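First subunit A sits with subunit B, and in the next complex the same chain sits with subunit C.
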Partner chain A sequence: MREYILKRLLQVIPTVLMITLVVFAMMQAIPGDPIVALLGDAYDEEDAIRLRREYGLDKPIVEQYAIWLGKLLRGDWGESYLSGRDVLDDVVLRLPITVELIILAMAVALIIALPAGIIAALRQNTWADYTAMTSALVGISIPDFFLGILLLLVFSFALQGLLPSSGWVYLPGTCPTVVCNESVWGNLQHVIMPAIALGVGRAAILTRLLRASMLEVIRMEYITTARAKGLVENLIIIKHALKNALIPTVTIMGLQVGFLIGGAIVVETLFAIPGLGTYGINAIITRDYQQVQGFILLVALCFVLVNFLVDLTYSFLDPRIRYGTQR
Partner chain B sequence: MPHEVMSKEAVADLRLPAAQPREHSSWRWGKSESLLMQTLQRLMRSKTAIFGLAIVSLLLVVSIFADALAPYSPTHNTPDETFQQPNRQHLLGTDQFGRDMLSRIIHGSRISLAVGLSSVLLAIFVGVPLGIVSGFYGGKVDTLVMRAMDLILAFPVFLLAIILMVMFTPTAGIIGTMKVVSAIAIVRIPIFARLVRGSVLSIKEKEYIEACRAVGQHDVKILFWHILPNCLAPIIVTATLGIATAIIVEASLSFLGLGTQPPTPSWGWDLKANVPWIQEHPWLALGPGVAIFITVLGFNLFGDGLRDALDPRLK
Partner chain C sequence: MRRRELSFVGIVVLVSLLMSLSGFANAAESKRGGTLRVAYGNRISHLDFHTAPGYEMMWVAMNIGCGLVNITPDGQFVPDAAASWEGSPDGKTYTFKLRDNVLFHDNTKLDAEAVKISIDRLMDPETKSGMRRFYEPVDRVEVVDPLTVRVHMKKPYAFFLHMIAGYRTGLVLYSPTFLKKPDAIENMRRGEPGSVIGCGPFKFVEWVPGDHLVMDRWEKYFKEGQPYLDRVIVRVIKDPISQMAAFNAGEIDFIASFTPEHVNTLKAQNPKAQILTGKETTPMAALMKVTVPCDGKMMSEERCPHPIFGDQRVRKAVACYGMNRDEIVEIAFRGQATPWLGIIPPGTMDTVDVNHLCPYDPKRAKELLADAGYGPNNPLTFEIITDTEKAVFNAIATVIKEQMARIGVTANIKLVDKVTWLNQVLKDAPWDMDVEDRLSLLTLDSNAYLSVTDSSWNTSRHTDAKVDEYYARYAAEMDPEKRQAIAKEFQEFMADKLYWNTLSGSPFYQAAQPWMKGYTYNAEFEVHYETVWLDR
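The block that comes next holds the complex of A and B.
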């Protein structure tokens, strides 16, 4: 296991380096001069030259990348052109909010998908199966942001503000400023609708996958043997069938994090949540290159980390999986 | 057992089995109609697939004849008729500029379907040859292509689409739509490349491919005459389901203001523009949202049915 972890880590490093190169190259390819955008109507050639020298934008591209990468590794992710704030501080402040949203969305997905997928498989071709599969198809087909709008219409407007339509309340101890709202209940009220909007689509995909996996597993000979031995059906399903059916599901769950990250950007924008998604979109709109770089880099690195953890989890769940290991 | 020597007459009487390339080129020759007919019959038996096909066909008709079907111009502002509730003149009401919502939804179908279909076709046009060449030749070509695909896949799909749209700079009109198509196609290319590569890796080891090489067939002919037809089924299924995903991505990009730009009607953009008003005028959000949902549902239903019809074992 240790060898496998080390091997995967070694594979992650070049991926991370390539991501930094791609992010840097992409930002250079964006049309428009950030100094022109920064100075706006007060543009002056002397100021522009001074600022370009200050931000290192007058150096060759390769040197700019090397300087930028070195700074990244030292924890200096630059400063926003517009606000002057440290980019790393900003993204670190916002990251927990997005992570909380994604984790809750995945929890919503699992709470829906696990029972639905299992019941659909065990009651194949019955009304329970058809209901689960129809619901899953509807869940896959409805965009995250439209589901969010429907939830807003019902819970925020039709039910007279039962749940807040926008904004955020921090969990106790996580407030980034001196004064802000902190409350567990308040946080739950603000996060539940975005989490459901984000999680339903994933639940639909996981339900279909889990149903297919369970159908395959419950037809295996060892399940028949377990039944022949007289084991209780619930025990067979939970202890033997579900465990094996979850292996491909875990892999897909990891891949779904990428879609959750993308969906979080849209949902945060809809619900005005001060997470990484709104930070990134605002950075893109204002063409603040340093913020955009920090946003994309952090999200891509998180994605690589999640894939790495999914690989480890996969190999843990299925001891037969050892890349390159002889059986 | 004693080794038997065959006489010359016996050797001459040997009937070699029909060359497999002829059988597996089944998509084009007369014998293959049975395979195509079987697929169509399975497809016709699926009610959900037929329902999905009906939805898709209806949307295609609506988008093609949008100019005739829409009661008003989608960009015509009527300041005197802002925020009208659904009524006889405006079946889905009007927005903050007095524009007829039904007309905008009808014209918006053009953008959604055009982007969905074009982006997938472009992804197939680039991804399939890459996958075929990568899988067939292997070695450095395979490594290079797959590392490039891994690089694209290292980013979350929607994030990469956002990055690309920022680089391309969203604009209105046909050029703007082409930029959206390109961005979505780029993020879909690795899916088709890897899918086809996987198929090619298993097909190229078959005996009939070896026989083709033995008789001196050119690589290009082997690739496109014998290997590609056997990869078509997963490509078709992935493409159909991919159209649904592309439509959602386009709507999401437009919702963020990075996709189709006004005045071009777009479902995603209309949702974004109408969100501030939905508390007082909820119908403004329902029209475009339901349109997206029905379109995506149609393609998903049809894609699922197609997958089951092309390979019943997958059901």
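The block that comes next holds the complex of A and C.
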């Protein structure tokens, strides 16, 4: 097991480096450079030339990447071309917000998907199954931003500010800046709509997946044996069937983290949440390569870490799976 | 006689009493305290006010920083840190007497040296300030005494006061003590706490890029009793729907720039909201590229006529007779703008209505195109580049495309994001027509920044030195009447040449809650919160 963990951790390094290289190359390929965004309406060709030289943007791309990588190895994530601010400080400031949003979105997804998927499988071809599957289809079809707008219109506007439409309230003791509000209730009020907007689409996918795996598992011989032994039906479903049916679901949950981060970009912008998503989209819009690299690096690290944890979860769900041992 | 004298004294006393009572009533009306919550639709790029771009930064600079003079909506100059000023009749010197009670937020006293250092910094090419071009007429700044500063011009310049009051940020003064600190500008740019030092009504507290900026009342502000607010929190809310939702839910007191296409919705949803608007000072333009680099290298100084719009007949066919400005405004702006042809928009000083020079006449447009060699056998096709910053740009491009089809011309639309658009138009990339609005213009003189031959923002890349001569003559003329005559001649000249093709004014809206009082609307030029108070 230890060997497996070590091996997986070592695999993270080339994976992340490859991602940053690809992103660096892609950013260079898209039109526009950060100096134009930096100067904006004050653009002057002479100033632009001076600034490009100052920031090393006149150097070959490979050299720019090597400089960035060299700094990264020394723990320096670089500085934003636009604001001059330290990239690491800024991404670390925003990370907890996005992590909380993603965890809650996944929680929303599971709260919906677990019962819906199980019931749909157990009551196959009944109205409960059809309702769950139709809802899942609707859920998959509605884009995050559209659901977000609907929620905004209902809960913030029609219900006259029942839920706040934008901004963020931190959990007590987590405010990283001088001016911000802290409260559990306020935090919940601010996160609930974005979490639902992000989570519903994931719930729909997981419901369909869980239904399919449950259908497969409950027809297996060991379940028939359990029933023949006279075990309580709920126990059979929860302890024996669901645990095995969850393996593909957990794999997809890990992969869904990537989609959630992508969705967070849209949802955070819509709800004006100061998370990593808004940071990333601003960085891309302004072609701030340093910020984009920092954003991608952090997202890649999170993604790899989550999928690593997912792999470890398999052994808990199915004791037959043991890493690093010969069977 | 004595009785008449007594009655006169009585009237004076009565009037004074009434005036003081009314003043007292006003003062009593303005409530002190509270937090103003403002929404900006775009991020603030950074906090070195001398170099950062964008209106959002300017609206922060105006409240943290102070300058010498400000300008009112009716074009009157009012004192800021300068108590009084005087321009020489020949327009070659401007002398400012400073107030003696102005303190920077680091408690440094504002003096003539601070003014000199600030202007010198703006003029230094190493600063890389976008304001530098505006300061080109300035020769030097002289410190006469600690509270008197004199600015000497290289040549007569009629718009120096306009420039320091309202061209982009205007003049924002920096504290000399602060500038001497190591890394002062870098720290200011990053918005490090305690590093953004101005002399305005609010002192900087905190900036989280892309999220919020906080400023608190500066207790030692030189205007007695102001500002009224304890705190201003600026939040970045990019999406107009989210802005509207936050506004309607009462989470926001003021939207500093509201999209015209949602104004009617906001009015309907929130009838008590104050919708602020005024003169249209921003031009909405569809510029045509007039020249291209002969050697194919972008920004090359050797210029050849653009293959399509290098021909004035084609420019006139397409943009003069082929474009129906009324229809563009009706469809794209839902009628909330003024169709306009002149190089400066309808709300800018010395503007002239030259619309009659380009009546919509598709038949005449077709004749001109035929004259230039275009027709069914040789159809004209060109590309319109526009960006996603505002939905109205794409709407305008679409209307133009439809209007071009009516005269047998195919216009293809290329929709890109703002930075790509900037890269294309500023770097002399091969494009034919671009649709976008430009900077808000206080004067015709301020448009020189965008249209003289050697400007980076001369995106059509015309090479006509006559344009430069017009601007120079206009700026140097100290007689307002003669200046107006030059302005008229110039606008007619540009309407004929079409180096610059305005479609309309671009309306500017702000939205305030009914409880926000004391704010003076002055378009994008002046967004000050020092007189604002909250009535709740």
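As a convention for this text, the second predicted complex is superposed on the first by the 279 of 327 C-alpha atoms of A that agree within 3 Å, B and C clash if a C-alpha of one lies under 4 Å from a C-alpha of the other, contacts with A are read in each partner's own complex, and residues count from 1 in each chain.
Convention: contacts are C-beta pairs under 8 Å (C-beta built on N, C-alpha and C of every residue); 3 or more make two chains touch, one makes a residue touch a chain.
These numbers were taken from a predicted model, which means no experiment stands behind them.
Chemist: Once the shared chain is lined up, is A:157 touching subunit B (first), subunit C (second), both, or neither of them?
Modeler: both
Chemist: Just subunit B (first), just subunit C (second), both, or neither: which does A:84 touch?
Modeler: second
Chemist: Which partner chains sit in contact with A:40 here, subunit B, subunit C, both or neither? Use first/second/both/neither.
Modeler: A:40: touches subunit C, not subunit B.
Chemist: Once the shared chain is lined up, is A:258 touching subunit B (first), subunit C (second), both, or neither of them?
Modeler: first
Chemist: Mind working out whether A:311 is in touch with subunit B, subunit C, both or neither, as first, second, both or neither?
Modeler: A:311: touches no partner chain.
Chemist: Could you tell me if A:149 is touching subunit B, subunit C, both of them or neither one (first, second, both, neither)?
Modeler: Both partners, subunit B and subunit C.
Chemist: By the touch definition at the top of the document, which applies to A:296: first (subunit B), second (subunit C), both, or neither?
Modeler: Touch status of A:296: first partner only.
Chemist: Once chain A of both complexes is superposed, is A:285 in touch with subunit B (first), subunit C (second), both, or neither?
Modeler: Both partners.
Chemist: So, A:138: does it touch subunit B (first), subunit C (second), both, or neither?
Modeler: first
Chemist: Could you pull out which residues of subunit A sit against subunit B in one structure and against subunit C in the other?
Modeler: 30-32, 149, 152-153, 156-157, 165, 269-270, 285
Chemist: In the complex, go through subunit A and note every residue touching subunit B.
Modeler: 15, 18-19, 22, 26, 29-32, 137-138, 140-146, 149-150, 152-153, 156-157, 165, 257-259, 261-263, 265-266, 269-270, 280-281, 284-285, 292, 296, 299-300, 303-304
Chemist: So in the complex, which bits of subunit A are touching subunit C?
Modeler: Spelled out, the residues of subunit A in touch with subunit C are 30-33, 36-48, 50-51, 80, 82-85, 90, 93, 149, 152-153, 156-157, 160-161, 164-167, 177-179, 269-272, 274, 278-279, 282, 285-287.
Chemist: Using the touch definition up top, name the residues of subunit B that touch subunit A in the complex.
Modeler: 150-151, 154-159, 161-163, 166-167, 169, 244, 248, 251-252, 255-258, 271, 275, 278-279, 282, 285, 289, 292-293, 296-297, 300-301, 304
Chemist: Where on subunit C does subunit A make contact in their complex?
Modeler: Residues 43, 45-46, 51-54, 125, 128-133, 168, 186, 189-191, 193, 205-206, 208-212, 214, 233, 235-239, 241-242, 245-246, 248-251, 269, 299, 416-420, 422-424, 426-427, 439, 456-457 of subunit C touch subunit A in their complex.
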